[in-house]
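Letters A, B, C and D mark the chains in the order given here, with residues in each chain numbered from 1 onward.
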């Protein structure tokens, strides 16, 4: 197992785009090659070593055997772990936008909070956030028909608005509250929200959304039966009937 | 400039693969010249490509961009010392259009559909497309003034209006799209045949088409009417196509060219009564073209993958959107037209798409005379224009077609005749379909050939026609066609091996047709009333100002011939 | 709280430093009932407060407003009460904000006073 | 005294209506009288107090400078920035926009328009569903049913109703207002709602639910719709649904009431679906009521230049677009820009207070004819001639129609286009100098 540890040299005022911080990119490279990978800060093209210290084993390894540890504040660093297929990226603090973009495998774990667009268009692998996640968690790009297609996301805190927009597969589990419109246009993914939310499942055609807390439900959902899951009572709805959707929405009983 | 030792295909001048030197001076082909030498020894040399039907500029195209950021992100190329940034695949930004045409060896492309009212926008975009020469066809088929003239059988007033409209739009020719259907769409309807009455206007699509064709010939316009049939895109529509063509067979062209050019024939060569029993009627259409000489067509080839459909046929687009449950933009233009935009993905395993793919190829291969068939994909309706090398290699290689066929829905051989087709086109056929014929069909005298006086637009490919087996080496051929070794535009090397070296602005062609003042005077009475009562802008602000065409190339037509006729 | 365009705001938006613009925009519309229950009279001011800021505006009766809703012409005074959050789509919430409203004797700040300390 | 000249059929450059029937009387190089324009247009064309000279801030105070000094200082600021924001563009010509995009590419900046604080959500909605629209004349000639949703044209677009919508007359609408049904949906009564046949008051932030309920009713699936949605009785919604379905030609105009409220682009997304579905029953179109006269134009120019209509990030050379990330308010709120050029817009007034505050911490270049709160915290101020009054150019109406703006009077100040070219040339010059020093 090869572990590479990265830390920012300074705090970033202007955000940094670092899609090269990924297990796939690091795996075949020596440390000095990793040091010279390109990152961008605004319109300035820089190398990784301009902005970060890089330490760890020098010898290349397979992607599966590569672990990247990110120490310090990455809340202004975007696109970490983009497209990774295996291995582990471990963020010990907060992470910026678009972490785990188009991720296909491996593990991305974030000890702090994640900014917007975490795991956009994810296809596989696993993402765990100990803190909160921003908007568009597991969403798609603007104008696309498909967001996340596979894999697993777990957020221990709260999530922002539009989580799982255009979800086409995979599962998202939020232990806290979720912002407005979770699972909009869901086409087959699974969402669990431990807390409360607002207008879940707008225009969903397939898939399941479970809300343990309270949820304002759209007038285009059809109330069906009360079901028991793990000893808890849920009101079941089907919808979104504006599009003759066949999605399932379950909301903890006791809410509106 | 001297282009040395190329194997030249210039069918308009009877040159079919001769080894020769070419000379360019002051942007034009000449008999002899000095200067920069380009080594083209043994390489394929043709005139710069000409695209006679492509949606490259205007409201529709920009609507496609605005509703498709998902498409824009696909083709992102950063700015360079020479180039502005590129984006998009089916709906590229203006810069990408110029660069991508030039890389393929194309130097001219015509926007296929512009309403007069929105022509200012079209010219803003055309001017922003670098390198290539351009023009825009003007929509007349659902125009109130046109329908009223046709209803009143006032042909001279109609001709005066066409001339006025072309001048107002700085347009090149007469485009007709689903005549009458666009007006009916103003209240959500359509016409079902060329003989239906257009609601509120008491004319039929057939009368509109014939009227505009006659006006077109009265005005001696360089291009013929350019027609998108009624019922386009619907099963069984081949009868509409043949019956409509038959309406025009006895008309005399005013120039040595067709009387009607049929846009994207593939979409109007459908048999069957529904999508279930949908089948190719390409043989019947090809038969008609083989037996008649008044019509030309462009293929409108469909390729698998992503496309963005955009057309003035708005009811068709509404149907597309409902059928595919996709995003839908519509845009009606007061007193003139309607239009729509719907993204599309064509799938080789979908029988309908696979049959459509085959129909385009059948048409091109079954029509015997390549001068009658232009190679297009109706960009970006059938596929984006960057895929022309795919279409060309499909036409040139039976093995390639067989490879493709093997991946399609298994019913394709039963619903089309493509499987049995042995014909493989040669470089002469291709040079005609992509250069000589589009120029002749459009009436562009200085395009599509390499004779003295022609524009100095030349494409040179890294292919040795005397060595390469275009049937077996289709992979190699496709690659070479995608990035010309040299593209020369007006005597300047604009692209070399895929790299853009220079971005001179292209010209915009438009046609100024003179008509008797008395006809215009009669016309203005009608128009002033229309602007006072119905248009949402003043007549003073209607016509495209000269400021929008800093590189205009005006082609004169009209009056002298009118008086001869009289 | 709702903010939006008005004729007077539009007519003045190219002379923002003028008193006309101040008069047109530094105002707060309230329903007749709210106006009365806050003990207001013409020319009196109200203090509006929420998590993002506070601003004093001249109170104005508006028969078209439902109770518990205030309307402020769009512009710098209304924007004191608007937060930076855009929900990930670029546009802040200029409408539908919760604010506390109370009558006040404090003066309405003019445009220079409003931005005092913000400038370079 | 020279003789008065009458300029006829000029285009008004105030709001997205772009009324093109304005007559202006000019005498002694000054505009004396404006005819046909509304109060907003007249006010703009008659003019206001102007910034007289370029200014550069020195020791905290703006002092007069030459144009060249201002261009050089602006170029210096932009070149020093790793991520400059070039914001505004709604109240200037497309010709200026083209130069602005070139400048943004050249300095590797982010270009955003005021759409980001008005119809930005509409753009995102259109990216989801497309826009079934029409030119305004189509509405004038055909519409028998018009819905104004969350907009108040009587105050924001005063001549809209007479020229294009509720009160206009056309070929199939000779009776004008008498022959039309007008529905207004809003959270409060407005001057527009007073002209309506039916006013539907909804609870703030409930647009999405109300539209979903309407979609259900229109599709004949009304049984499951609750008795009240968003403060509106089901019976009233059913009534509206029936009216919409019975229309021969319907038009929906929507404004900031729907884009600025909870749900934002999802509200538009849903309204676009509603209109698409209505077309299975009757002809229907929908269009945003664009505020600034050319906010549509910058969107068009940016789309054909970069592929995207707003919020375009050129920092890495290839355009990148993602409102919420590359949009002006977010970049400022996150302190993720280090310089700003504000042109033809007053960002300080129109952004949330805390967002505006971020501008105080970075160098700001202002290009504008008028002094406004943005001037108060600018480091370089460059006064410009007014497009559509003092300079020709192109603007796009709210329905996407391009019109040619006229020049009515002379102005000694340079146009926005000239100023941007001046800055661009200075950028090239300073780059060249740096390169020479390096060599």
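Some points to look at:
Please note the rule applied: a contact is a pair of C-beta atoms (placed from the backbone, for glycine too) under 8 Å apart; a residue touches a chain by one contact, two chains touch by 3 or more.
Computed from a predicted structure; not experimentally measured.
Among the remaining chains, the Cα-based centre furthest from that of subunit C is the centre of B. Comparing each chain's Cα centroid with the centroid of every protein Cα atom identifies chain D as the most central. As a whole-number value, the distance joining the C-alpha centres of subunit C and subunit D reads 22 Å. Between subunit B and subunit D, the centres computed from C-alpha atoms are 34 Å apart. Each chain gets a centre from the mean of its Cα atoms; for subunit B and subunit C, those two points are 56 Å apart. The distance from the centre of subunit A to the centre of subunit C, each centre being the mean of the chain's C-alpha atoms, comes to 39 Å. In subunit D, the positions touching at least two other chains are 124, 127-128, 262, 314, 316, 321, 323-324. Multi-chain contact residues of subunit B, defined as those touching 2 or more other chains: 67-70, 73. Counting partners per residue, subunit C has 87-89 as the residues that reach two or more other chains.
An unclassified topology is adopted by the chain contact network, corresponding to no line, ring, star or complete arrangement.
According to the touch criterion at the top of this document, the contacting chain pairs are A-B, A-C, A-D, B-D, C-D. For subunit A in complex with subunit D, the touching residues are 13-15, 17, 40-44, 76, 97, 116-117, 135-136, 141-143, 162, 180-181, 184, 199, 202-203, 218-223, 240-242.
Of all the residues in subunit D, the ones that touch subunit A in their complex are 81-83, 107-109, 124, 127-128, 208-209, 212-213, 215-216, 219, 221, 224-226, 229, 262-263, 266, 270, 273, 314-316, 321-325, 334-338. Remark: subunit C residues 2-7, 10-18, 52-53, 62-66, 69, 71, 74-76, 79-96, 111-112, 114-115, 118-120 touch subunit D in the complex. Against subunit A, the residues of subunit B that register as touching in their complex are 67-71, 73.
The residues of subunit A lying in touch with subunit B in their complex are 141-145.
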